[in-house]
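Following: one structure in C-alpha cells, then a few remarks.
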Amino acid sequence: MIYITRRERFNAAHKLYNETWSVEKNDEVFGKCANANWHGHNFELIVTVKGEVNPETGFVMNLKDLSQIIQTEVTDKVDHKNLNLDVDFMKGKLASTENLIIEFWKILAPLIAGHGAQLHYIKLVETENNYVEYYGN
Amino acid sequence: MIYITRRERFNAAHKLYNETWSVEKNDEVFGKCANANWHGHNFELIVTVKGEVNPETGFVMNLKDLSQIIQTEVTDKVDHKNLNLDVDFMKGKLASTENLIIEFWKILAPLIAGHGAQLHYIKLVETENNYVEYYGN
Amino acid sequence: MIYITRRERFNAAHKLYNETWSVEKNDEVFGKCANANWHGHNFELIVTVKGEVNPETGFVMNLKDLSQIIQTEVTDKVDHKNLNLDVDFMKGKLASTENLIIEFWKILAPLIAGHGAQLHYIKLVETENNYVEYYGN
Amino acid sequence: MIYITRRERFNAAHKLYNETWSVEKNDEVFGKCANANWHGHNFELIVTVKGEVNPETGFVMNLKDLSQIIQTEVTDKVDHKNLNLDVDFMKGKLASTENLIIEFWKILAPLIAGHGAQLHYIKLVETENNYVEYYGN
Amino acid sequence: MIYITRRERFNAAHKLYNETWSVEKNDEVFGKCANANWHGHNFELIVTVKGEVNPETGFVMNLKDLSQIIQTEVTDKVDHKNLNLDVDFMKGKLASTENLIIEFWKILAPLIAGHGAQLHYIKLVETENNYVEYYGN
Amino acid sequence: MIYITRRERFNAAHKLYNETWSVEKNDEVFGKCANANWHGHNFELIVTVKGEVNPETGFVMNLKDLSQIIQTEVTDKVDHKNLNLDVDFMKGKLASTENLIIEFWKILAPLIAGHGAQLHYIKLVETENNYVEYYGN
C-alpha cells in the first residue's frame, strides 16, 4: 500500500457565524472571525489517496487525474467564492474548516474509488498556524 | 546603513471591482477576482527599515517597536476585515494590492521616521505566486 | 473524528550533555551539540487535538483556546530560555527534543481533556531537517 | 514510542516510460513526463524512525547516524543521477516515485534495525504539490 | 513606481558540461553536475515588473497577463525538457542558471514592454540553497 | 552583471545585553532577549555575489567555492556556538544580528574578491519574522 498526495489551493471569503445566536454571542465565541463583512484566506487542500502500485504505470493513480478531480469537483466550486453564500454544499452549515473538510470528503471519496484507489486523508490548511485533518470517520 | 525587516500577517476579504464599469467589463478585466460576494487571502506584510546601528543597543530600531507600529497602525485595521467595506483609508479606491501598499506606506513612513530610522521598502504577498513591492516613489 | 492543529514557536538555548560522562564521551556522542557554552534553535511546536465537531460552533475545539493553553503552559516557559537551566520540568533530564516532547505531552494532555477534546499528536521541529513526533505512548 | 525524522535531499533526472508500450501510449499516459530527453526534480526524502528513548543519550537514535545511513546508502546513489540509467536498484523498473520509495525502504529498513530502532515511514516529495508515502507494507 | 511579481515553476533536466574540455576537466570544475546522463531540478522563476498604477484597474499590469506571457514564452519551452538538448534558445550555450536567466530576460523584456510595463528583475531558483538574479545589464 | 546566491545555516545561542547597563535597563530595552542564561536561533545566512559570467564555465563564481568559503570562514565559527562567548570577532560587541552581519561582511568581502567576483549583499534571518540585510556601507 502506497500513499500519494496532491496539493491544490483556493482563495475564499467566509465568516464564522451562528445565525441562531445574538451578535454578542457570536463575537464572544468567534471573535474577529465573526466580522459581518467577511474575511478570507488562502486555503491549501492536501488530498492523500492509497492503493497498490500498478506495475504497468508505476502509479497508484495518475496524479493528473487526481488533480483534475480535486479541481473540477472541489476547488473550482470554492475558489474566489464566499463559503457562506456561494457554495451549495455549505448551505445551512457553519463555514468552519471542520465542516468544510467533511463536505470535501463526501465529494471526493466516491470519485477516487471510481479510479481504483481509496481516499485516505484530507488536510485543509487555513493559515500557516492552523489546519484540520480528516480520515473519513 | 543596515536594513532590518519585520514580517506581520493579516487575513482579509476583498474584491477587485471598478464601480464605474459594467458587471461584464469587471468580469472581463478582473475575472473571478470580481466575484460579487468577495473572496479573501492570507496576506503577508514585510516592512524594511534602514538606518545606522545604535552602538548602545546594537539595533537600527527595536524590532518590537517596529512590530508594534505595524500591528497597531496597519494590520489591526485590515485583519479579519473586508478591504472594500471596512477600511477607512481604502474608501473610494480599488482594493488592489498595489493601492493597498501605497496606503500602508503613507501610514508607516512618518511613524518610523519618528523612531530615528527610515522606511525603505514594503512587500505585500497575496498568494505564494503573487506579490507587490514599493519603495515610496 | 476531526483533527485540528495549532502551530506555536519558541526560541531557546540548550546543550546535549550527559553529566555522568566525561567531556570526551560527550563530545564523541553529541558532537558540537555538546558545546559547553550552549547553542540554540527556533523550535516549532505543532499540537494536534481530535474530537467530534460541535454543531453549534463548527469546531472540535476553539483554536484560540488551544493556542492560549499551549502558550501559557508550554511556550511561555521555554521561549527565550535555556532548556537545561531555566525550565523546571526539564531539571535532571537530558535536554533532547525527545525528552522535551514527552514533557510537553504530560502538560498538555490533561488540559486539552478539560476542553472536551483529546490530545492526539505533538511534533517538535528543531531544524528544517530534524524533528520528533509523539502520540503519548 | 517516539518518532524521529531526518530530511535529506537529492536532485535527479528521470522519465516515466513503459518500454513495452508505443511512444503514443507513453505520451497519452505519462504526458510531458515521458519526454525522451528526460526532465528532473529536486527530491526531498523524509525518513521517520521509531523506538524508545535511550535514557543515557535522550535519543531514539542519533540523527547523525540516521543522516549518514540515508546519505551513504540512498541519496549518494541517486543524487545528480539519472534514475532510469544510473541507479542499480531501479534497473528494469518504471522510475516513478512510488517504485523509488519501495526500493528506498528495502535498503533502509535493515540498516536502521541494526541501530536498535525501527523504520516507520518514508516520504518522497517530487514537487511542492506532489509526494508519496510508504509504511513498508 | 510599484513592483509586481509573479512566480512560475518548471522541472527540467540538464548537465553542466563544456564540450571543448576533457571529461576530467569537466568533472574537476563541475563535479557531479557534469554527470553524463543528466540530473534535474524543480526551478522557480520569479519575474518582477515595474510601472505606474493604472487608476482604472488598480494594477501595474494584470498578473494574469504576466503569468500567461511567462508560461507561453518561457516555462512551456523548458518545462519537462532537457535544457541542453530540447531548448532552442540554449543551443550552443552552457546550461547554467546564469546563462538561462539571460535568455529568459531577452524573451520577456520586449513582451512586457508591449503591455505598458517594464521588466525589472528575474530570479531563478535552482535549489533551496542556490539561486541567480538579473536586472538586465 | 549577474547576481548569484548561496544559503548556509547555523544554530547558535546568544543574548542581547549591554554590560554597561543595569539588569533592569537591559530587561527594559531587550526584554526576554536579555535572559541571563541565553536563548538561541536557527540562523539562515544568505550571501549574494555579483560579476560577469565566465563564458568557459557559465558561472559568475562556482557556488561550491562560495559555499566552502562561507562555511570555513563564517558558519563553522558560529555554528553550535555562543555568539557572546565563543566567537572571536564578536568579542566586546553586542551580539545583535546587525553587528553580526557587519562582521560577516568584513570576513567575506576580501575572500570573494579573491575569486574574481564581488560581494553584493548579505541577509541574516533570525526568525521567520525578523531579518537584517547589508550591502557593505
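Should a chain be cited, it is by its letter among A, B, C, D, E and F, assigned in written order, with residues numbered from 1 in that chain.
Methods note: a residue touches a chain if its C-beta (ideal position, glycine included) is under 8 Å from a C-beta of that chain, and two chains touch if they have at least 3 such contacts.
As the structure is a prediction and not an experimental result, all values here were calculated from the model.
Quick check on the contact graph: shortest path length from chain B to chain F, in steps?
Tracing touching chains, the least step count from chain B to chain F comes to 1.
I need the common contact partners of chain B and chain D, sorted by label.
A, E
Farthest chain from chain E, going by mean C-alpha coordinates, please.
Taking each chain's C-alpha mean as its centre, the farthest from chain E is C.
So how far apart, in whole Å, are chain A and chain F when each is placed at the average of its C-alpha atoms?
Roughly 42 Å separates the two chain centres.
For chain C and chain F, what's the span in angstrom between their mean Cα positions?
Between these chains, centre-to-centre, one finds 28 Å.
Taking each chain's centre as its mean C-alpha position, how far apart are chain A and chain E in Å?
Their C-alpha centroids are separated by 34 Å.
Counting only residues that touch at least 2 other chains, which ones in chain F make the list?
128
Assign the assembly's chain-to-chain touch graph to one of these shapes: line, ring, star, complete, other.
Looks like something else, not a line, ring, star or complete graph.
Taking all chains into account, which pairs touch?
A-B, A-C, A-D, B-E, B-F, C-D, C-F, D-E, E-F
Which chain C residues qualify as touching chain A in the complex?
1-8, 48, 53, 55-60, 62-64, 67
Applying the document's contact rule, which stretches of chain A touch chain B when the two form their complex?
Interface residues on the chain A side: 9, 11-14, 32-33, 35, 37-42, 79-82, 85-86, 127-128.
Contact residues on chain D for chain A in the complex?
These residues of chain D touch chain A: 16, 18, 29-31, 93-99, 101-102, 128-135, 137.
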